[in-house]
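Each chain gets a letter, A, B, C and D, in the order it is written, and its residues are counted from 1.
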Amino acid sequence: MKLAGRVEMPYLVSRVLEGNLPGDPVERMLPVYLPPGYDDQPTRRFPVIYVLAGHGGSGPLMLAPAAWGESFPERIDRLIRSGQMGPVIAVLPDCWTIFGGAQYINSSALGRYEDYLNNELVPYVDAHYRTLPDRMHRAITGKSSGGYGAMVQSMRHPELWGAMASHSGDIYFEFGYGPDLARLHANLMRFGGLEGFIEQIPTIKPKSHDPFFSVLGMLCYGAAFAPNPAAHRGFDMPVDMETGALRQDVFDHWLAWDPVRMIDQPEYVDAWRQLNYRYLDCGLWDELNFQIGTRIMHNKLNSLGISHDFELFNDGHINVPYRYDVSLPRLQGAIRES
Amino acid sequence: MKLAGRVEMPYLVSRVLEGNLPGDPVERMLPVYLPPGYDDQPTRRFPVIYVLAGHGGSGPLMLAPAAWGESFPERIDRLIRSGQMGPVIAVLPDCWTIFGGAQYINSSALGRYEDYLNNELVPYVDAHYRTLPDRMHRAITGKSSGGYGAMVQSMRHPELWGAMASHSGDIYFEFGYGPDLARLHANLMRFGGLEGFIEQIPTIKPKSHDPFFSVLGMLCYGAAFAPNPAAHRGFDMPVDMETGALRQDVFDHWLAWDPVRMIDQPEYVDAWRQLNYRYLDCGLWDELNFQIGTRIMHNKLNSLGISHDFELFNDGHINVPYRYDVSLPRLQGAIRES
Amino acid sequence: MKLAGRVEMPYLVSRVLEGNLPGDPVERMLPVYLPPGYDDQPTRRFPVIYVLAGHGGSGPLMLAPAAWGESFPERIDRLIRSGQMGPVIAVLPDCWTIFGGAQYINSSALGRYEDYLNNELVPYVDAHYRTLPDRMHRAITGKSSGGYGAMVQSMRHPELWGAMASHSGDIYFEFGYGPDLARLHANLMRFGGLEGFIEQIPTIKPKSHDPFFSVLGMLCYGAAFAPNPAAHRGFDMPVDMETGALRQDVFDHWLAWDPVRMIDQPEYVDAWRQLNYRYLDCGLWDELNFQIGTRIMHNKLNSLGISHDFELFNDGHINVPYRYDVSLPRLQGAIRES
Amino acid sequence: MKLAGRVEMPYLVSRVLEGNLPGDPVERMLPVYLPPGYDDQPTRRFPVIYVLAGHGGSGPLMLAPAAWGESFPERIDRLIRSGQMGPVIAVLPDCWTIFGGAQYINSSALGRYEDYLNNELVPYVDAHYRTLPDRMHRAITGKSSGGYGAMVQSMRHPELWGAMASHSGDIYFEFGYGPDLARLHANLMRFGGLEGFIEQIPTIKPKSHDPFFSVLGMLCYGAAFAPNPAAHRGFDMPVDMETGALRQDVFDHWLAWDPVRMIDQPEYVDAWRQLNYRYLDCGLWDELNFQIGTRIMHNKLNSLGISHDFELFNDGHINVPYRYDVSLPRLQGAIRES
């Protein structure tokens, strides 16, 4: 589908990712969608939405056309062209790592992806594109781990983000990650242990999805939430590598990063109060059980008197990009030039 | 296959199951396998092995012939006939309930199945068959929930049981039951809630295995481990029925029945010390993750200096009845007339 | 469930199966269900229904109790006890072979199972049980390959059979067997070729259903329909063992045994005209596509003016024993003492 | 991954597709990969490889980046950059239709895609890019339906194509398409019939792969191989829409387009003799059984004395783009400037 807008694909060399432990690339593409009108009105400035990919994905992968489907630029272009939402710039960051992502936070085991997003990409975009360069006109959204990133970054950086939408975001880790943790030890054994798995990452995926993403996710979250420079690979494993039993002390570090717990902290409550707009949804049949934590968060926000849109829709965790059709127009409405 | 021994199938009316809350039958078949030689040597007495079925099974169902397989009587008959083990009587109790079992313990929500097994069936068998009627010649075994029953009953009744074997027995509940608990709320919603599920129990199973047994198990264990006469259906649900979140206070009642925790209690350690023989195995790829707890138990027994046979074999949780070929000869050796 | 009637399980030594090529047993159990009233009315004679098992099954396996289900004796006993049908004797033949069955016909590659059924079992049953020993009071039924057997034997032996019911019987082989034939060569390669597969028959099944039954069925039907004493294992393979291509000349021998083609022959039309009753059903979503041929047969019978009951029900090929609840009362009505 | 070469994505308006019956777009993107060196050597001309997508795919979709994988341009760019092959231009045509493709032939039911490819795209590419514009320097390849297109177009247009490679190309239709034909009628019923299916094409796919592609393929091939302007939707259905039975007369039209049969015609043999290079491969475990016909074709070519590369590799039908690493260097070697 020909776009009414267009996509630029500059390559940036990051400073904050330099010397990252896994050796992931420091030069990355930053896809930026520019709406129809951007070129015709050369002095007009536009609000910006940052879209965070889920675990195993990245901004550049969101450019992929799909049979009987849409790339992200095709989707937002259609919404704008059809008048369902006003024009915005959309930014699709690449926060990919060896383990498929980094949960958009800083970790000595993976890299400073929180800094990369907030301190490098946002200034770059504001410097190179005609944005409305302030929090009132900047939103953050994403799906799955991207929804998680949107929740957490908008809690931690209210100075940057004015609106937030999370689709099926990671939450209530005991039920969201617990089932995969229970199988982690046996799954690793199938791949010849941790190093055997890491060695096979580049080749096992296309042939055997299951339990590839289950294991990869546990390593990703473990590296993000429980870094330990003294440990093998730079992070503490969440399960005992002899028996497979849960290491509760390690998992407590994970839980400290659980949005449903973070919202109990006053500074994060304050941050979310400052947002113009908040959106949370999840599938009723989410295979990762995130609907449970999403509902708990909804109840907590209600108790706090923080308004928000909330929906549990009739679907699962995957193949739900059509949910952006619901959130993007609302996000745009919340950050548009008044 | 024609048996060298034979099976009697008397029907017993239970007193202790009278008035059980779910209204399950009080008259039940008690299959008793009698070995070759039993009829020819009319004064000889034999050791006895009680075999507990897994969740969703029962002693009478263990009589079912199988294509390219064996019923339990065919299996033990072959082992005896071929000389791999000496003659024993085998008893196959029926502890079935509306939820597919009762974990072989007493619960006001299900019935007094511990009493049924220990106080009714054992005396009946000793009265009606030529057994060696003492703990030194009486063993208990089983698979999955039956292995659980063997572990727990031999801890609680050393006066009755002299040897124990558990195949893939329920253990380390946070990883064994946790994944199914995480999905319980959504699964119940699929069936129209708790009462909707219960209503459909008789009809849904043959058409949709998954998640039938997952839900049924959670209800069974909930009713067994957390009875509460004041609660709906007589037991506390382990998850919040609005959000699906874990009810840790209820789950703590479950954990009190976890063999890997029970073994921390001195009276249970003493009980297991008194056994002539202990056997624990589990599949390395057990779909319910019981291999983790089995290994933890193995480590604890080693620390306690309690000898036992232990094996993690290269298979999963289901279709592993061939493991009885390993344990039955050893159990028989431990309880045979010396 | 306690039966109101009872089951006898005599063992018979067959003469016609003596020396069968695969070396399958000649002594087999013949389960005979005797209805309530049989013992109380010691001179009364009863009509008889022969029930043929599907491929991979046998009469003795139909005795297996089932969780949340019924054995065949439990089913027919319930139908009689509840008054849904009158009393009948039910006979459950064992026509098992190394390849899981023999399609109830004579084949030099498997054995003379048509003769075994018609010339040995029928006379034996009439001699040992109080039957109404004539075609007007004798029916034949079955499911899948058993339904096939019922169709074919009632075409070939109208002197013995007075009523017929086929549930999901094998028919229209090009679409029923074609998909499995297309994969036969590759499937055999997975098992190390024909001999490798045969060697593994006793052990592969419980662990990997698919494609076990697909391959086993092809070998069974090949041995039944295309025997050739000069060929390896005594039958011609339906596919070329180098390329995997169809051997149309061999498949033509299969097609000669396809009920939807057999009914084009006048003697078989005559045989079915002589039946008191005919019943055909199949699932709309039959995984083996037998609903297609069942409907073609229905159309042909309509053209021939042969009355019959016909139903395509809303289900698949497996787990449909509840369909006997529909056919058994009608069969009994067709052969009862008038 | 940054490319050493680059991709142009011009949009072309087709004349031959004008007025196509399904109303598919006439303006389409034509991705053209230009190798490293193309821009630096402004007078140099390059050989060209046309790459045909499989059913359900298209040239533009081959631009999609993949997690742990490569887009087609990334793949060929890596092969060239690393010296595994010399530089070529690669052309990725879009021959998509409502039914997911057109088998690259002309059909009144779908459109004149053979003409589109040979008479429009080839001249356009030769006019707009620095190609070596003759058959000796032009190759055709593809996977699945794309491999089919490569085989058939190189048979029919030896004046245009000088080398051919087919990966897992459609062949031996009775076993390749037969299993899906057997299920077509029931599958259509699930979707509410033919029109119900067509209506749902845009929405059903992402949620239920199976049997979406099975049905879509049958409609695509039916429309391509058996057009009939007088029939509903412009083509004859291969199965009877009342019973589901095969319509052999219609299927004979399909078989006329089967490469394993086409090669029996002298003009196609002559065409393939004229090729500089021929390559055929298929997975041993091809889910569509194309390995059977590929081997038959191999045997026929051997009998004809036509040299070719042939390999049955240890994999299935999907996720095998790595096979291009084998064929592309050989194709390039066959068409490079000498």
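As a working rule, a residue touches a chain if its C-beta (ideal position, glycine included) is under 8 Å from a C-beta of that chain, and two chains touch if they have at least 3 such contacts.
Quick caveat, the model's predicted, so the values are computed rather than measured.
Shared contact partners of subunit A and subunit B do not exist in this assembly. Using mean Cα coordinates as chain centres, the one most removed from subunit D is B. With each centre defined as the average position of its C-alpha atoms, the distance from subunit A to subunit D rounds to 37 Å. Note: centroid distance subunit C to subunit D, computed from Cα atoms, is 45 Å.
Between subunit B and subunit D, the centres computed from C-alpha atoms are 58 Å apart. Chain-to-chain contact here is organised cyclically: the chains close a single ring, every chain touching exactly two others. Of all possible chain pairs, those that touch are A-B, A-D, B-C, C-D. Within the complex, the subunit A residues that touch subunit B are 172, 174-176, 178-179, 181-183, 185-186, 189-190, 242-246, 284-286, 289, 291-292, 295-296, 299. Residues of subunit D touching subunit A in their complex: 2, 11, 29, 56-58, 60-61, 63-69, 100, 201-202, 205-207, 319.
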